[in-house]
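Pasting the structures here.
What follows is a pair of complexes built around chain A, which joins chain B in one and chain C in the other.
Presenting the complex of A and B:
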């Protein structure tokens, strides 16, 4: 751990966070709003990376966890008018329960089978939202009466702070002995089990941690947007973006996933003048990275540093 | 009366699902690739057939052939541009190739989908059916196109069975799905078998896509749901088992039709999803899958 604090990665991250924290003083509200969303997305991607990169579970349904957290928080606020912070906390807890439910098949089936189970979970949630439209607002979306704050700068700092704290916890976890056991059980479950580690317990823990951060971030995002809709927090396309972010930034790096998410959101915005081709260009770039730099941005940078 | 109607309507959609899923499962069985651009290839075929008829003013048969041809080209492009580079890459560790192929084909599918949306808009397109009119089956007015769809699907699946079981190439494909190393030792080039399989897959997906375009109409929004339904049918039947996929396709097709008729079209996909989750818990390898 001590070596981490003197490592180059730590200094680079520290400098990035400090520079990012000063942005509200000289950048327009438009860019702040964009980055706020990107930071919440970064947490989604990091939470996904913990599951895939370390536990080796191909989770096609990150939006099942995100959506559960987001909708629980939104519905509680909408129906009962409870305070925003209580709703966010309960949303995160609901997501943990969802993560637990999702983890149960994961401990039975592997690979593509598990991938499909998670995909089905998303489709079920999507159907649930549409069918129980009275409660969830259906396809139009759920209106949320309260917001955390309407100040763009404050929203930005909350998002940045949240992402930094999440990144520190998730990165710390991934470098800890627990993270190493997770990585081992992802790569060779039989051997890891033979060495005496309880794989089931570790994977369950990974799911719960991942679900907690996904749900928390989803709930915060909902209170930033002031609305929850299938298109923003549940749709499979959102999940694809989360996965692409993590793969782009570099699997198994945690911090890279956040970088990938910020890149994806900002690039999508810069390409907006190209109209409908924006998604095409982003996907093409992502495909090229997957084909030619399979380690992702941070993976490539880290391996160069390791070599020199 | 209602039962007969469900029986007739369900058959056409089930046969269509079966055709779509067969190619998908064949590729997985032979090369272990789950092609998540499946829906995009089907939609590309349907949109190409539509464009041939309404933009290039070709007749219906040429249009349908054009659609299948486009699917074949896109299928080969998927193999050579996405799947093969990942399989041959030395920078990707072997145990992670599966997830890279999934991510790669997913991105490729999105690219195709966006291109279709860009050039042909998001509007739903219906390919002109080859046969028109309705017939009366014991009092049920059934579009001739339904019967045509079902017949073509059964015919193509029958031809595929003949190809795989009765020809030399087909037997090589079958052998590769059982034991790739054994096939290589017998002096057959594995890459050539893969090319044959992707060719068969392209034709199957193309026919399924064009028929779907005639039957229900497609838009670039259908890409995701089509991939998801093929994926769930194949997993339900057992990955790599063609007969399992056929059974699963009919189970899913009829379950959807029954729900749509008896309960509400809005709940159409839910029972099939529940069944899938149930089967995953009870029998994770699918109905006829081997582990």
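Presenting the complex of A and C:
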């Protein structure tokens, strides 16, 4: 742990954050808005990597956690007009509860079935949103009356700060002794059990942490957007983007996941003039990275550093 | 030592484990005292590993009691049993590859708590001490993928004893080790006993087990045959019949008896590199049609690399000729289909498919009649595979998996069969069976065999010719009769 603060990775991260913090002084509101969304996505991807990279569980339904947090916060604000911060907090907690309810049975099933269970959960949430349209705004989307602030710079700083703090916590967790136990449980559950670790407990805890950050970030995102819709926080395609980000950035690196998310969102936006082609190009790049650098951006960079 | 005075650490009574209709362990009872090593022997699939896993809580016993210091722990989950004072050494190691050896040992020392956020200095000290103790002192800061096989096994021992368990369960610690390494591991296990731990040991290396244990329990079909001192158990009629078998007979023929002028397979000055490390250096070997050639070498000498190169999996310099034609440029799938079939050391079974499906995949290029005939022949060779046709391959016992891997290779009716450490995990009686089968095969067909082994008691008797591979180079070639005198020092 101590070695991290003197490592190159820490230094580079620090420089990146400091530079990023100065952006509002000289870039356009358009770019700030783009990065704001990218930062929230970065947290989604990091939270997902904690499950996949460390606990070894492929969660195909990151948007179940994200969407639950986002919609809970949005609905509470819309229905009762409660304060933004309370709504965000309750959104995150709702996501934790939903994650717990999902993971408890899902962690008992073996291998690919966990992934399938989480995928089904997304479809159920999507259905719920559509069926209870009075409450959720249905397919049109939910209008959220309050915002945190309308200042683009302030929104940007909030997102950057939130991502930085989340990254510090998630990365720290992944490198701590509990992170090691989690990784051991993911790699060989039978052996980890025989070493005296309650695998279900550790994986459940990882799921809850992942749910908390996903839900919190989802709630913050909808307050930034001013609306919540299936297409932005629940759809399976959104989940796929989160997964691609994490894999692209580098499995088991946590920080790489955030890089991957920022890359994916920014690249997608810059390629928007190419129309339909944009998705294709981004996907092709993602595929190439996965094929030639299976460790992802950060994985490749770190192993180069380790070699030299 | 007098066992009536000490009370048993572990008392097992009527332990039974059923998988569906199969009773893997039947009404097993034994005591394990502090400072005692109990050996568990028996043919493949007799239930040794299952008995161990049932004690450890990895498998839930169907019936019976497992008393640890008087308390019944049967039915508790593994992590609870482990915390009471049990440690287990697994056959297959899957260490954390990104962490150092020391960190891997640290993991075993951590408490089962969700709030252990900062490493504890004392734990690091203890992990260092354990690393020294099992002989990993010099490689503490290396990562597991860079370690030789024996060190990976040491790491497993280190993790198992990390939290100072009173009962240590060890499943096949000697498999794949050289005789010198078996010696060091025996000494280590003996030191566990001398510290007062109760040790239970399973291995097919009968000689080393007999030399190490205080008592032996022999099992067959899930049941106890007999228990007692090693010499007496080994003399038992049933144990001899179902487990030990007879000695492996010698069958070598002189090289001049092979008629083909151009060898069937020629490896000429082949070199292979993994990154900067050289795995093979100017290796040349040749194999005649119908010949049985053994490549003998210790762990890491390069046997598997040699075979993988021949099978077309690795880039190389030099030439590999099959019947005079260069093999370069031919892909692994095509090489296999043309009759050069490798049975890899790592088995590579389709774990979620049944035994029968695995075999049918091997024989898929045969027509129905030929496949049925081959299958019937194979089932005669390994009757257990016939019984277990519907079982998922990954639930087979270690030795049963090995038989399946060999069986699948044989289903391909190879012209050249490459066997990489086929004896790994097989009971002596099965080795004898396999030996006879190979002999029959070579009498009745034109099969050519290239065998890689560390176990010379299996490699020598069949071989017409032997190569010794050492540190990536062929250092000796000759007939098996001269081996013992000229090259046997590391192996015998």
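The rule is short, and it goes like this: the second predicted complex is superposed on the first by the 308 of 308 C-alpha atoms of A that agree within 3 Å, B and C clash if a C-alpha of one lies under 4 Å from a C-alpha of the other, contacts with A are read in each partner's own complex, and residues count from 1 in each chain.
The rule is short, and it goes like this: a contact is a pair of C-beta atoms (placed from the backbone, for glycine too) under 8 Å apart; a residue touches a chain by one contact, two chains touch by 3 or more.
These numbers come from a predicted model, not from an experiment.
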Joint occupancy of chain A by chain B and chain C, clash or fit: clash
First, second, both or neither for A:176, with chain B first and chain C second: second
Chain B versus chain C as contact partner of A:291, first or second or both or neither: first
Which of chain B and chain C A:197 touches, first, second, both or neither: second
Touch count on chain A, higher of chain B and chain C: B
Touched partner set for A:242, first chain B, second chain C, both or neither: neither
Which of chain B and chain C A:205 touches, first, second, both or neither: second
First (chain B), second (chain C), both or neither touched by A:187: both
Contacts of A:93 with chain B and chain C, given as first, second, both or neither: neither
Where chain A meets both chain C and chain B, residue numbers: 187
Residue ranges of chain A touching chain B (in the complex, touch as defined): 52, 58, 105, 108-109, 111-113, 115-117, 119-120, 123-124, 127, 130-131, 187, 236-237, 240, 243-244, 247, 275-277, 279-280, 283-284, 286-287, 290-291, 294-295
Residues of chain C defined as touching chain A within the complex: 56-58, 77-79, 82-83, 86-88, 90, 94, 96, 98-99, 103, 106-108, 110, 112-119, 159, 162-163
List of chain A residues in touch with chain C within their complex: 1, 172-173, 176-178, 180-181, 183-184, 187-188, 190-191, 193-199, 201-202, 205, 252
Complex interface listing, chain B residues touching chain A: 34, 82, 85-86, 89, 91-92, 95-96, 98-100, 102-104, 106-108, 110-111, 114-115, 117-118, 224, 228, 231-232, 235, 239, 266-267, 269-270, 273-274, 276-277, 280-281, 284-285
